[in-house]
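Each remark here refers to the structure printed beneath this line.
Going by the order they are written in, the chains are A, B, C and D; count residues from 1 in each one.
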């Protein structure tokens, strides 16, 4: 369950140098912040520094609205990429779906249960099929029946809708359309996808069919940030399930469903709890 | 532990038709065989029949040396590929290695412990490094320092040695040389390899480096039969282990070692217990 | 997806003797049955025989309604416990719940998706809380607010309701009431429970609290048939998830939810596909 | 592979209060220490603080031999339990065994491979059986054929031997004798055991037999620190493997061996890398 206290979380990544932890922890200490959780990592090869720290704001002497400004000078000195987020500002999510309901169902159910510190603002689909499920959960459902001809126009409408609804994070819950590079660039590291294979194995279409034909003994699912190169984005979470020769292609699809929804749900959680830092093609996951 | 009783195991695969199980179980029953374990499978797509049956030979009325001849007419009628093996004829193994000792160590240790109904006849290497380990276990160790120039001559010598030593199964325990197609053809589905990735991901060289660079959250290992197409043979067994951003390339290699030796050891066991049938590019594993 | 063809499945267990597979497969062959899947096992210690065989009824010469009578003499000769079921008779399920929705949600969702060859006939609860969820899926919802004083009367009403609705299998989906021995005896090996621990560890109440206090590194869930002795029934399926010192008791409960619903869903599937035989305190699971 | 640089690792646990991370990271920064890895955790229930920090000593202004003295005042102020260790002082290990070789083999093999920053000083056994294996690796092997009558005398001799050999950590690698409370008290949180079950399930003798009789679908292994209460010590690591009704008791023992040696090997590694803090009955594992 999300905490009741006001908690701030800093995610930061920069070239390593001596004293970074001391500088940051002093910054917090001097302003009355009590560190609840701190995890840092220096990549032994590239000497790259990454840190996640969460602190209690109860007695912090900087007002929440001034946090960003207060931290900025030090971050610039470090040459850091960074973000600070407060747990009182619920993130707004958009879920993109096509016809499969399992991933959507999973996210809606967890959201309703209070597992995520976020709210589902809207659902977008290229098919009307999942409208009734959206209605069950009383979430606005928008259909954009995208075709190659309408893509440009429809994506423009979608972007406006996302902006109007102040959507922070987009979840592709088995959305069977490729987003255009222009769309992706508007939401850097803010679009999560679930691919139904153990990437980089079986990228592209019909991964279960590919896995069935190859005769693998394990199938997987991969959640990653969407980048302009299809199925190439930084991986957030993966998991697998064992299969055997007794499993038909339909069995793979059925077993894979369980994997897809759990892997996506875990990735969404890690993202929403500010546990994922992107560095190049990879992620650092503070779990 | 291998059983003390004389047990025969039939592996059979053929196009499906009605009555196959009845015919085969009657064949055994009428000759006094007591079925200990029977597993059959009909592929729902291709209608292909596969069966493994093991029976106690204690009161079987056909002498072991006549088993093959007795079963032949029915097998021909079915158009089957098949084999019958008795547990009293220990298979003779050849292990091919280069410089890494972990897979060799694992197979020798299990063999000594009596886990395999087989004996290690000899070890072949392209480097002298693992000679002392072979000596510990008192297994003949042969070095063939293969180079592109000597390959043809050396492989010929190896084949002669394998024949002279009546080797049944070859285990490539992290052998860093590619066998020539001619060599492979001499031992169809009798050469087991361990590849240090979750195939088909990261086929080819340096799979841990590939995995590290891609930022996957899971690494795998795959044991497969060697065919003429590199890393494309029918998969026998796979397994995986979780990794994180904290793991350096060396950590991947270290963690992968544990996986490689266990996956190879399990594949060897399945093969030696006649639990693996090859059908096209895939295996049927009766476990 | 359940098959479209008419398929019969025999589950049988009896003392081992020679020729059982031959007799049974002949029985089917002589009557025109095509075996689709056969798995048998002889317990090496007790010499106990167990078998599951499924066959296509398309050209079977015995009418479905006479199947039982036709097989009876042979089964009696073997001293067998056995059942034959046809896939055209959908089983009727009753789900018992209290306040937690995750297991109910999971079963209803899979049922709606067509994963089970069964229909949910009704939901029984000792609390009104999950009524709205039942309504979403349009399943009759009955509240029996059982107390020690009302148990006897309420259980009698429940049993009548189950009988009237021709319920075949009862699923306790985190039902927080203990059924009386009399109730259990009416449904031998027809009541499935999910216990939120890796039994036999942490039997009884508050298993997550017990696990948290003990400091285990893994938590589990167990689905078993309900017998008169609490948490002692034959285990059908178990699975686990890793935890760490970072996980609070609430995190254990959250992570455990995912485990509970998947383990229960798999056990329900195995049961409904006639893959589970009970032998003494244990199950034989033909999967 | 252990690092070539001189690295110090601090493990510390104390009641939580504001500024602990700042104080400790400043302490290191002011003395020229470059933090390589820092992980801290505050137990949300008990408000207990735990930290592991590793830093490069290359430009540290305090000499290694003065480290302890320098840190002492601050640690006392915090009311902390703590330790600092340098990677140049290889720990000396004693391995206790009986007749099973798999865990011993595993530790010796990894040690030889350089996986552990430690050396095996000696092996102690109550049986002579594993002497030849010790000899292979050229490790002194001492037999103390302990009986109830000789326990007191033999343990005294063992303690003297351990002291004389400056043994830091004791590994019970399937040692089938119970250590006396007096012996255990001499090595608090310095004795690691492997129990061949998923504790707390199947504590005590013959856990595989217990698991087999109960019909569980998963067996486990647990590595824990030895305390005076048998099988009750703080758990360091656990893992599991799936089994089925096809597995005989011997199969459980065979499969369990693989689990035992891997779980013990991982626990030993975590301990030797100073990643394990004991707090009450539990461990905090910084992995």
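One rule holds for everything that comes next: contacts are C-beta pairs under 8 Å (C-beta built on N, C-alpha and C of every residue); 3 or more make two chains touch, one makes a residue touch a chain.
All values derive from a computational prediction rather than experimental measurement.
By mean C-alpha position, what chain is farthest away from chain C?
D
Counting C-beta pairs in contact, which comes out ahead: C-D or B-C?
Here the pair linked by more C-beta pairs in contact is C-D.
Starting from the mean Cα coordinates of chain B and chain C, work out the distance between those two points in Å.
Computed from C-alpha means, the inter-chain centre distance equals 37 Å.
Counting only Cα atoms for the centres, state how far chain C is from chain D in Å.
The mean C-alpha positions of chain C and chain D differ by 42 Å.
Tell me, which residues of chain B touch at least two other chains?
41, 44
For the complex, which residues does chain D have touching chain A?
Per the touch definition, chain D meets chain A at residues 18-23, 25-26, 28-30, 32-42, 44.
Under the touch definition given earlier, write down the residues of chain B that touch chain A in their complex.
41, 43-45, 50, 198-202, 213-218, 220, 234-240, 244-246, 248-249, 281-285, 287
How about chain A: which of its residues touch chain C in the complex?
Of all residues in chain A, those touching chain C are 1, 101-102, 105, 109, 113, 115, 136, 250, 254, 258, 262.
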